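All chains are identified by letter, namely A, B, C and D, in their written order; residue positions are counted from 1 within each chain.
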């Protein structure tokens, strides 16, 4: 599968490297607003540098990976599917649900192939939890707990254009909640505080937050987020079902234990998402390539992207108004 | 310290045995509506069987432990402090906050000594977390997560007169949240479902629930409860602060690990509160005896009992109405 | 069961307290060369102070616990069984195997009841490993690893009259190896070094040692010992069988985990044998009382005591000569 | 660095793939007795297929990786260093210590660059333990425990030409013992049994073994090996020093925990060396490439290969004779 990469920033470089190393895919071209970013990635992977337009028009490109800034995603998805390319797009499709709906309508009309980059679904541990739930190991799901903590707050400048913590950070956990609950949440209650960095509060956002979700049949999910974790990137889930518990936790650089009078000490958690989700990014690409080449449905779908965004919007509103938000099932 | 025990049921027998084995206390008398229950405990501990009236009037009794049914607690506290006895009373003081206030007023006027039995504060691990927070190990507290799951649902008959899950079960976790947050919650949002036993739903209660609490300065606590845990009694806490994380988990009967092709397996968690909190009950009694004999303030106080009850009432209302409840700080 | 305690030192006080708290036993009398030691224990437990002679002659005493200095054990066992008392004796019976044999012959002739205090067999985790081996969980045992490390070296004065590390400390592990191997070792190879405290070397002993045992059918056990562990009392076992692995480890005072940039830290192991084996001492007494009262065979037997001593002698010789020692099966 | 690969078997393919993916190296040519093996690896990596002779003579090749059958290693090392190539050779250099000495003499005379493939030294956890010992975290090393268990026995045909368990399997652990002890063993005592597969015994080998090593200053190492582990590839180390303990354990495919009435269960250990040491093989190649390109000393050295072989010979002899073998320091 011949792939063009749109966007050679931090995430784009991960995808580019993974495509270059993939047995069934080839990185053909790279586009980026920064000629230097595009050039260095192209050089490292043997791809050519090209414009977005040229990549979308290229006959030797079957699919594109969209890892440009968020506000360009919907446009690029529409143009790419219209040009007959399969599309893998980083989350979110857009910060505005109406815009996402319009984009998905275009994809629908074009019978386009679209996959959304909720990378955590491909974490080996989280994926195994979902698969084992599907296999019936814990029976019906009753309660899901998801914790997600970044090692350090982003700059306030980033926060200002991020859509806020619920849309920027918790959207991953909201998608994970849907993935694990097996049902759509119909009620969202959120609280948020600024406890980590006053500059985030001044930018109108929160850095510490929690959400309660409830589905139509009464399943419950709780999510907590923080922009601070002194001990590494903290990403954990717990799923309680009628027959038992499935939980998945963090990875560490080594298995070393050191013991002295202060006790037993292990390594911190892996530092951030590049390390923690390295395998997830590879598995995600694998799913995209295999899905397109083998003609299987792609997932997470555009609909998954839309639904996570609607939950993030609801959480944002709930935290602002102090009232739960009800959603259609 | 010479102690009279009012109530020789399941919890009463724990307290009675602990008093009998305590180096600074002696179990003098036992009262119970069931002559058999009182008699067998008295026989095992060398105490005499007596009526409540006689115990409250006895010159050779310095303190009473109240472990009778909930609806007698407030009366017995009032009578006992009026008779000059120090009082240890199992939670809750009463299911009605107004009644608790009235009772505490009597205690206040009598300058009575009262300690409320929130046993979990004395669990060695939970107590260590609180002490280490107080010592500044994690700096300011930001987010608290408390999980509490019973191994199996109680009979529906019990549920009917229990005050409901929030007042009967989650009250422990609400007290723990106050213990760990270091601030009073000012907002309570609760959701509850009946997923475990339909008979509980028919009795008007829930068996699966979660609560979000927020304090005036924005600290957040999340609590989850379930009347089901196939793997033992599950009682865990996590406290995230600006400098790090303190967490405490379950105990197991042995440290044995068995490994074969299915993986590595450890024991389930200890089965229920008698096993899990055996040490906590001893430490709790110790605190009561030492507090009275050494003239130190007793804690948890009646005020702690009242505040937990107010939170439980708020959670009950929130779950019923679907709206958060605000409280005075 | 009415029990007399011979020896009210560190271990004697544990046994005395456990007898006093036991539902089926009563501590009747205490003897000790130190009137103060005997008196304070007697006062705490409601027993009388008496001489060894009087205890052995007393009609109101059914059994004795021998926790006097090692060089008196064999004599006291002989006198007690001859007086018709059931005997629980701390390990070792004697530092000399010939003396043990003679003593056991006296017990045999008197048809006496004798149990030897290898307390670790009663540790809940180690006992569970043995039971699960017996239940066939791991099939035939192939390899046993036992690690035992004291928190700090004993004074050199103690070392001088201890019989040396192999007889004083490793004898517990040699008994554990027999307990877990299910076969008698026929070959013993030992190495020892003085790495912890030069005074121990000057006293002619080692403080760091390891042993390799092999049974007639080829099962292997390895034991390591050290007089130093900075992180608490370290006592662990692993048993590998044809179907899997059973392992048991240390206990900690709490389950608290603290995480920050240095990683995740738990408590040290419990500090020493009084804490680690508190449950084991209670279970051991329970086995003695139940065995005598219910007429079941007592174990560990005098023969177990003899065989562990023979292995300790062999290890001592092997470490001295640098050659393995063969034993009859 | 331009690399030629001699031997495209199981290990050769790992090295070939790692070279192809390495930023500072290029796989130029592959040789293998099987044209198919060489061809498929060459096709996958863009290398050419060539003869050993041609590779050793090629001007466009700076270094060779030797992963051919053991009995060709010494010859190939000699020819390659004589041809001016840097050499990375899989362990062992030869099954005969005299042949290794002769080979190393040739390397010495040629001033050749040689690195031996003891991959486990590059496992992130084991390497971290060694580095932290070097950093003084546990002070002077006192006792090392190394456990190594294969998931299943090799075919008896393999065993027959393997040199026996001590030379084929335990040699890794003997090298690890040297790596961690920081001193040369001067005494080796070994025991071995055939407990797993009678065919191995018929082939004259053992499948379960343990070794005790002692250094001149009294440091002790114990190693255990088995050709059976039902729960995955088991590879663990513990190093006890005067100031504390450093230990490193196994990796698992996921962090998933499943809990029900049988307890808490995690994944088995990773299945075998390809999975467990995937990172180690990459780090090992990295060390070879960086060492050659940056002119730093290569390690493990040929001397390391010789010393591990001498220990393996000593263990083989000790297990055969039942007597410890002394070595020069």
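Keep in mind that, in the parts below, a contact is a pair of C-beta atoms (placed from the backbone, for glycine too) under 8 Å apart; a residue touches a chain by one contact, two chains touch by 3 or more.
Because the structure is a prediction, the values reported are computed rather than measured.
J.: Comparing B-D against A-D, which pair counts more contacting C-beta pairs?
T.: Of the two interfaces, A-D and B-D, more C-beta pairs touch across A-D.
J.: Computing the C-alpha centre of each chain, which chain sits at the greatest distance from chain D?
T.: Result for the farthest chain: B.
J.: Suppose each chain is reduced to the average of its Cα coordinates; what separation in Å results between chain A and chain D?
T.: Distance between chain centres, rounded to whole Å: 40 Å.
J.: Once you find the CA centre of chain B and the CA centre of chain D, what distance in Å lies between them?
T.: Spacing between the chain centres: roughly 57 Å.
J.: Identify all positions of chain D at which a residue touches two or more other chains, and write them in rising order.
T.: 230-231, 243-245, 259-260
J.: Hey, how would you classify the chain contact layout here, line, ring, star, complete or other?
T.: Here the contact pattern is complete, since every chain touches every other one.
J.: What does chain C use to touch chain A in their complex?
T.: Where chain C meets chain A, its residues are 230-231, 252, 259-269.
J.: Which residues of chain D touch chain A once you look at their complex with the stated criterion?
T.: So the residues of chain D in touch with chain A come to 21, 124-125, 128-129, 132, 137-138, 243-251, 253-260.
J.: In the complex, go through chain A and note every residue touching chain B.
T.: Residues in contact with chain B: 140, 142-143, 145, 147, 149, 187, 189, 191, 193-196, 208-210, 212, 214, 217-220, 222, 224, 226, 228-231, 234, 240, 242-245, 322-324.
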